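Provided herewith is a single structure, encoded as structure tokens, for subsequent inquiry.
Letters A, B and C mark the chains as written, and numbering starts fresh at 1 in each.
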Amino acid sequence: MSVKVEVSHDGVPHNTVMMKNGILALFFLYIAIAAASVAGDGSWSYPAIACVSGGIAAVFTLRWGNSTIKKLCSYGIGTGVPSAGMLAFGSGVIAMLFATKVNPFLVPIAGLLVALIVGLILGWISNSVLNMKIPVMTRSIAELAAVGCLTLMGLTAVATGDIGYDQITTGLTDPYASYISAGIIAVAFILGAIALQHPFNACLGPGEKQDRTDLLAIECGFLSMIVMAVISFAFVSQIAAWISFVIALIGWFVTYRQFFALSKRDAAAWLDAKPFSDAEE
Amino acid sequence: MQEIIIGIGVTAFAGALAAMAGAAEDTESNIGSQGDPNSQVQLAPQMGYTHRIYNKAVSGEPPAYTLWVTLACGIAWAFTMLHVNAMLAIIFGTVLATFVQGIYATTAYLGRTASLSKFGQPVFIDVLKSVTTVTMAHAFVAILTTVAACYLMSTMLQHPFALPLLGIVWGLALGAAGSATGNPYYGKERQYQNQKFGAGVPISASGNIVRYAEAGQRSSIDNGFFTAKFGGPASGLCFGLIVFLELWRTVLFEHSLDNWGAVGWGAVIVGALIIVLFMIIDRYVEIWARTNYGPYTAEA
Amino acid sequence: MSAIAAKPGAAAGAFQPVASLIAIFFAIIFIGTAYWLLGSFGCLAVEALIGIIIGAALIAFGVHFVPVGGAPAAMGQSPGIATGVAMLATGAGLAGLFGGAWAAHIGLWVALAGGAIGGGLMMAITCLMVNISYVYGMGIPAASGKVEKDPITGDSQPEYKSQGTEGHGLPFISYVGGVFGGLLGGLGGTLIYIELLNFYNVILLPTSEGTNALAVGLAGIFAIGMFLVIAVLSAYNITGTIEGPHDPKFKRFPRAIVAAICASGICGLVALLVVAIF
């Protein structure tokens, strides 16, 4: 017996959510790149800006991805919501690493384009070759690949303070200790994949509300940023890492409390140490 | 020779750690109600059965455990880079991963339950407080042991993968083994304890999960008491065997056929023999069940 | 995997000849692009990309063997393993990748065999524990819901099916299917990893240690990412649950193989370009 997927009617249409958050994410990624390009040796202020704006870019991208997942999964894709997150990041990580090779100021745009191309092909395969016949499939998987790519860029910026290929492939002390060769990209990969699918998966049901799900996406983004900020102590100066850690912690705490409030608003009842009363008794 | 002796010790220890991890993982996921059986917890209010069971719909167990273990591995690596002692670094990583697990658990419970408001399912704050902490405790054990096993593979056995990549591999395997072995025992045997023993749950009974304990109303912690007696150890055995045999066949037999010109094939042949052995055991179990339980007879 | 298991609206139809031909055509274009873009490394790139595509096709084929029952299996309502198909197949494949990567320095064939055995071993133990849990934990014998007789052992199935269910546990055919799926998954995953690793090792010029940590890191994360993409696409093809090689849904595998060829073509092309372009 399966549970029917029901979604609320959105107050804000998906296209608006996508444009707004996509543009904001790109904007913050560019701030991160600009800050990284002017950062000199030993300074902490520019790396701190790069780390924090990378994290904020990841948060905005996750809001976009959350809206896409909701649109796609409301059709019932045969397997769970989490698989969509895995697909997004499996294709996103390839596009993201490809994009890091180009001129720093083209990285986010190049990543977006490559991810959209890879995603379009994957979406077309699912829809036509696998014959899933879901109207939004092609577009949604393309969007998800782009979301995966941009989220990884954001989380990479939080950890290393930069998105360039050279920065993420050379370590501080020995060659075994770079972002890629130490496998930290795997942490960003799975962190983003769960953070992308969690908000809709956790809030699905007949009483799902767009603002609550959206808030959870922001909360997941800041939670991921906390983890990457802790890891960033190994890559960036201590002060910069502390700044992004504290900002992530504050952002997470505020949204987490807000999420409790919204859940209380939507719940049927909010009981503490009280039994349920059975209608049949 | 020295290398092999150390290797055998590490293999045995990693296998033991994995067994603990599997047992703790299954108990954790049953207390929190994660994975496939959770579909019934989600379904029950829609069929009119309000309950006090947790609803930890983070994702399936494999992706969730991939996240916790990879996270702990990544943070442990970052702390070793900061010249923190490796043991301490693993514990720091595990603590932070457990924190993330707890946050995801609470948001999943609140989100799912609030979205069930239409069916009158309330949010129980006392359940949130008591169950989340218990799942976090079990998750801590599962993550710590798995990360320690990954660390041993990376440093003592010189596996080429970096620590977080090993975390992805073994976190996913842990979740897959734990959910495969443990889910039916929680789903069929505990949630539907009121149904007939020795038979599957009829599809018509879906959603009618047991909601009362020996005294009072059942919360998810009561499910942990139950599944820890069989589902947990079975999952532990499963994951422990996987890790142990995977390492054992390589450490001990990789170069056993080198003198015959088949460099490295020893581990492959031993692995194939183990697979055949397990196949025979499985066939024995299947026949044993068929002869001892017999076919189902039509209801009178 | 999760509570969502709603069936897709469209009935999953038959093989799509036109779309499949276009997909294969795309894959050939990707291989040609690799040759054209990579100049002096063209032949090496084509070889690597073909290896990746074969690996992906093996994974897609292997996923169809893995008996997964999803949520109903957790209640003993349908046969198979009670978890998500994409994740279980990936778990087995990555366990194989672990063994394969460990043996990569010895040689290609040993590593491939080691990867396959690693995946098969993981599934052999998991499937055995599933049956032990059903038989000794819950007193339920294994029964298939899709066939009258087990194609391997010839055991009759319907009378061992309890009332109101579609079967439960893992009949021997499902067990063998699970092991075979694990073997193919481990083999395919290791093949993708080794092709990428060899290519990166040539381009990046390894350090004196023999294996370049950067090449291992890149090849590892790409192999895992590609494995997930192929496994999820194959899971879409079988819409979540399958009993094993005797299930009627198994006949859908050609679609998944075509999909895997095309998907791994584009993913592999971009993955090769990461180190080789600019």
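The working rule: a contact is a pair of C-beta atoms (placed from the backbone, for glycine too) under 8 Å apart; a residue touches a chain by one contact, two chains touch by 3 or more.
Owing to the predicted nature of the structure, the values given are computational and were not obtained by experimental measurement.
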Leading chain pair when contacts are tallied as C-beta pairs: B-C
Remotest chain, chain C as reference, centres from CA atoms: A
Distance from chain C to chain B - Cα centre to Cα centre, in angstrom: 21
Whole-Å separation of chain centres (CA-atom averages), chain A against chain C: 26
Distance from chain B to chain A - Cα centre to Cα centre, in angstrom: 26
Multi-chain contact residues (two or more partners), chain A: 1-3, 80-82, 86, 176, 181-183, 186, 189, 201, 204
Numbers and ranges of chain B residues touching at least 2 other chains: 39, 42-43, 57, 59-60, 63, 161-162, 165, 168, 203, 206
Touching two or more other chains - residues of chain C: 1-3, 5, 71-72, 84, 87, 213, 216-217, 220-221, 224
Chain C partner contacts - residues on chain A that touch it in the complex: 1-5, 73, 75-84, 86-87, 89-91, 93-95, 97-98, 101-102, 114, 117-118, 121-122, 125-126, 128-134, 169, 175-176, 178, 180-183, 185-186, 189, 201, 204
Interface residues, chain B side, partner chain A - complex: 39, 42-43, 46, 48, 50-52, 57-60, 63-64, 66-67, 70-71, 73-75, 77-79, 81-82, 96, 100, 103-104, 107-108, 110-126, 161-165, 167-168, 203, 206-207, 216-217
Of chain B, residues touching chain C in the complex: 35-40, 42-43, 57, 59-63, 159-162, 165-166, 168-170, 172-173, 175-177, 179-189, 191-192, 196-206, 230-231, 234-235, 237-238, 241-242, 245-246, 249-250, 254, 263-265, 267-268, 271-272, 274-275, 278-279, 281-283, 285-286, 288-290, 293, 295-296, 299
Residue ranges of chain C touching chain B (in the complex, touch as defined): 1-3, 5, 70-77, 81-84, 87-88, 90-92, 94-95, 97-99, 101-107, 110, 113-114, 117-118, 120-122, 124-142, 153, 155, 159-168, 170-172, 175-176, 179, 211, 213, 216-217, 220-221, 224
Chain A partner contacts - residues on chain C that touch it in the complex: 1-10, 12-14, 16, 19-20, 22-23, 26, 71-72, 84-87, 207, 212-214, 216-218, 220-222, 224-229, 232-233, 235-240, 255-256, 258-259, 262-263, 266-267, 270-271, 273-274, 277-278
